[in-house]
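Next up: the structures, one after another.
The two complexes that follow have chain A in common; it is paired with chain B in the first and with chain C in the second.
Take a look at the complex of A and B:
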């Protein structure tokens, strides 16, 4: 009964990754329910799903908010497999979290085995400018290096919160359309892949 | 209708049972009460759900397993939908050693290892390759068991019986089909055999590998043999056993702990469930202290109903504890019940409590007994108290008597009420007050109001008790007031309160009678049996007679003490009498009134007093006493000439020398006591007055008051008074006429007078005048007291005068003519003067005297007539004195 209406719109599966305490859940909750949760409560794994209008199209976004803590690193592989797009989040006030993004990136690529997986590097807590440890340049350099967009957000002020989710979804949608095309003609897909690979390399 | 709730977020999205989940979404209602349903993976978790906001609920997951939805139901939005899934899983580590917030079904967890190995849903294919029949009428299992004992149709069993199998599964299959099946089976077996060989051929490589491995193992085993001995698994076995033991130990410990926990929990449960029972002793104690016995009884009944058959030792202990309390309560109540004073209502309530508490006491009977005892004790206390006060009183009296004159002590006595009166008063009040309670409780006992089984013989005993109380009561009263109506034994038993002097008690008797009567009325109102009432009735009768008797006696005494003041009343209703008879009348009237009001009046259940012969006799006796007392007084007065002083005894009757006036003066000087003659006259007057008036008044009064049998007494007294009157009259005459008559002779011959003289009479002789004057004197004296006496007194005197005259005349030796004329004149004059008081005898005497005197001739007679006329004219005043007007 409940499945019928949900089954029709396309579902985009987004996974939130990043170190503990960078604001994954805060971003998610801000996006989902327009609320900012002050108190910190480590997440294990939370699921959210919501119907939204993406460029005039009814879609559903499925967000998997993962645990940032190292304790859960072993089970991340399982999550990552189901993800269609990733928001890799760090806190601009904490350099460690920024460094950890490297590891997350590598793990995702390893699991998905796809260099072009939709992926956004997100620097959170941009409202705390005075406590900034990671410069914009530093972060955007890394994003450029990975070939992904870099966006700075604030879960508290809701700055760029919608933007990161919508941008990622657009990428996922574009990629899905690509795949549909490639399933019709394989050759095209392969050439494209190679092209991109070359570019990055 | 609000939009249905949608769950769009779960944090976390998986977890074992007991995971705290934040459920987010929309339309969860506007307040906690809107949330009416929550299922997680199909398990209802509403109980743990905590509504936070319209988009947030926190709940704890249940035992739901696997992926499932979280469905929220609200009051206005109905059952909602879910976009996300929750994955419930059971950590395999959940077991006896693992802490868990929820109940985990342990059985499948423990047997998981074995279960997974056993072929659970192994579908047996028909070995003959035939389709399985859908037969309706299967051969029953019993039949098969009978035909194939010890066999079965299971193809995998060692007891497999083909017959059974065929009958069971292929009862209707044709023989051809069965033959085909047999061929199929053969081929299958063949194929299997061939298949083994080909399988080996195909896998020769791995077979060789296996052989190699086996060889390797063998070699290894061989090399290990010297090192580990013949039984290399021994150590392992040991280790396994060891670990098994350890595990068991561990497990045992856990089990024992679990057991202990279970026990504790059970105990707690029991305590909780039977809190009522265990708290009851305290509750009972508290309620007892508060006096809420009804609650105690209620609780006790409940407990008894619930637990009296229990075999559980702890319940028994608790019950014992309660029983102990109840027993104490019973004792207390029982004690209260018997503690006097207490009202009947209180007693009844206590009895009801005791009965409800199943007390071993015969509460109602005890209450009755204690009441009876209480009354008896009270009697004794009252008696003792008054006995002691009496002693004090007596001492006082004695000391006062020794100190003061008798009069003074009497005054003191009047002021202090005698103890026996107080005693009777109090005992009456006590009986009126407490006896009804005894009766009432007895009535309710026997009428079954107290819900007690009345034991046989109780009726008699109770009756005895009541009678005893009444009897004791009566005897006490009798002992203290009319001890003479008791036997000696009773008198000894019921004390010796000294009965006070008659005068003293007389005041109180009517009052006492009233007390006893009021008690009697109380008893009558109680509807006591006649037998009991009669006892009191008899007492009352005795008392009434006694009362009457004492009152009369007292009056008698008072009458005896009456004294004459000799003051004659000249005005008012009764003339010529002193106060004495009037006082007497008053006293008698008073006593009649009192007796009528007290003893004679009939109240409830009393017969008219005078119907009793004893009372009648007593009354007559007492009336007689009263009347004779008065008679005695008069008698005393009339005979007590010498009682007065001697001075007064001087002859008062006038000679020609003395005058009564002078002697009266001396009399008045002496305390107004008149002279003897006057006194006699006064007494006489009183006597007559009493006889004629007072006694009649008294008689009427008696009759009016209901004393009907006093005629005889009155008549009796009248006779007595008649006699007395005569005596007094004689005495008076003796006093009066003797000197008067005695003076005639000397006066006649005064101056050597001789009847043989020659002087022509011109007047009557002085002696005759003196005689007339003397009589007038007496006349005045008597009239001064009471003119009613004139006839009696003067007639008698005239008689004696006439007699004397006759005697004197007959003694004359010789009359001259003139002398005869003189004598005739004198005699006729006297005759004329005394005409009014001349009796027949006197007339005779006068006539005889005239006869003695010689007859006169007509001329001589004329002279006599002439002298007489002249004399009458001269002595007109004297004549008028002696005339009756």
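Take a look at the complex of A and C:
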């Protein structure tokens, strides 16, 4: 419970979303502890914190690894509100998981009421090139449509694992700085207007 | 009173207001501002009205602990969302549909209470929609002034003792540092402070009672009990309690009180037991705190809504009424930064606590928006759970590897003994088989079938019994083999001590079982002897004309006997299972007692 807002570095809250078995936990564990877990064990919800150096600045990252299984959707939804950035993961070897990203994206936008929420589309398992079902083009087209970056990763080989987390944190940081600036002026009203618009949609 | 009648509409305007609005806003989930305004007005305007009603109706709530659980479960979004998950708009829509469905069910069930609850929840849902408005958890889910089951649910002690947190912490505080405080429970605390603490509890803030004085803490406890909509003795049993308390004969009074206490709902009984045991403890320190049983009864009888005579009687009978109640200090779930435990058992208990806390926060979130701090806590608790699970997994892994190397040694030590016993058993059962056959042949020889067959069945039943027992013993033997005997593992001395305790217990159980088997065997011998004797004696007496009739009866009896045998075997098995779990529990108890001792290994 003890909070040390002044002493502690900034915390960026990242949420991992995506269907079951796409490698959310694998990516998280690879990033946190440099380990790759082979055996699959569905996550209910897990949370991690790590101190890192982001462009020379001490920050903390809070990672919430959510459940892909719909059984735990209620638990997952409770966390969405407090998330500041989202990694939307799918497996390039499973088209269904790619299709599901659309739903995740919509839900996040609905909860956050914000089109510009820091968000990365992540195609995982890129080491399994021979089993690829989702082409790079397809995925990056969707990312472009959403206005978000697309990155392919491999939790197994650690390819681009750090990159996705760091990129997302940079976006979150930029976002926070933006908000600080605008909150002094009239920017707040603008964001409110945006919220209204979203609602009508 | 029909539910749809206009009367009810007047009684529960909130419900109907939301119903009405529901219809209006069914098409879009986000209603416009004007509508919101109306809604708010309607709700706020009637809030007071409702509160009065609520207080009256909550009287029934405490009686229905189970059904309220049910209601909560059925509301659980994890279930409701299984089919249509992953849509936030549908969440609220579904919820509302659910509440409508529930209304129909409510008509059949005790509606007073549920309507009250639902009024509350409908209101919440409505308010929740307006994003800008912040609702405080203290207003929507208060802890003080609600029925006991709600209070327990909302302010749980996460160690499995279902007593509302404020009460538990007051008791802990008084036990720790107020037991010799002069006139404890008699002197009142500062009113403003008491209501401040109450507010903090209602807002789910962390309260450190030790920052306040004893009278403030005791006043808080009194306030909680006084605010309960239904007395802890329940409206139904209150008079009967009074009657029992007035009985002059000590033993009769105790007996009657015991029966009544056992008839209380579980939560009430638990809370009462802790309070009485605690107050009795206070009264035992009469010399220092000047609070004799009589004084306590006079000071506190009104908060229980009972006469001081009854309260005094309960204090005098506390030992007999609540013999197994042990008050122990509540240790809340660890916060961030705290050192997580290293021992497996401690980790498991901590994990349970954290999970209970997490569930509670999730539940709160499903009903209303929670404070930033609470949200922060949610992540934190989740983080601690993740860490604990990770740690446990690692311990498990490390444990798995050394055990494998240990196992052969331990098996070697154990095997000869086990083998001998197993052989013994096999011999025994085969000899029983022989016995069975023998008696059957006897019955064939005899001219009257009735008596010998009964005897056969009898021995058979013993035989079955024995074989099941021998199976159990075999199980025990095999399960024993799994326990490592080596004690030199420095990492898990705790577990090893636990296992040795368990093993000792199991060995004694095994011996007991073997003894039992021997006794059974002896009995069989005796029966066999009897059978032979009766064969010799009763054969001539048999009545031939009634043979057929007797046969029918025999078939019936045999069938009955078989059924009984099966039942008996199941029971025996159950008993043995229970015994095993007893052994495990007692081993754990001993371990807990020897916590320091285990470090010396």
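Throughout what follows, the second predicted complex is superposed on the first by the 179 of 201 C-alpha atoms of A that agree within 3 Å, B and C clash if a C-alpha of one lies under 4 Å from a C-alpha of the other, contacts with A are read in each partner's own complex, and residues count from 1 in each chain.
The working rule: a residue touches a chain if its C-beta (ideal position, glycine included) is under 8 Å from a C-beta of that chain, and two chains touch if they have at least 3 such contacts.
Owing to the predicted nature of the structure, the values given are computational and were not obtained by experimental measurement.
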Tell me the contact category for A:53 with respect to chain B and chain C: first, second, both or neither. neither
Touch count on chain A, higher of chain B and chain C: C
For A:103 in the superposed arrangement: first (chain B), second (chain C), both or neither? second
Applying the document's definition of touch, where does A:111 land relative to chain B and chain C: first, second, both, or neither? second
Just checking: does A:75 make contact with chain B only, chain C only, both, or neither of them? Give me first, second, both or neither. second
When the two structures are overlaid on chain A, which partner does A:45 contact: first (chain B), second (chain C), both, or neither? both
Once the two structures are fitted together, what part of chain A is touched by chain B and by chain C alike? 1-2, 45-49, 62, 64
Spell out the residues on chain C that touch chain A in their complex, using ranges where they run on. 30, 76-78, 81-82, 85-89, 91, 131, 206, 335-337, 362, 365-366, 373, 375-380, 382-383, 385-386, 389
Which residues, counting only chain B, touch chain A once they are in their complex? 8-15, 22, 24, 55, 69, 71, 81-86
Sites on chain A touched by chain B in the complex: 1-2, 5-6, 25, 29, 32-33, 35, 43-51, 60, 62, 64-65
Okay, in this complex, where on chain A does chain C touch? 1-3, 13, 45-49, 62, 64, 70-75, 77-79, 81-82, 103-104, 107, 110-111, 113, 195, 199-200
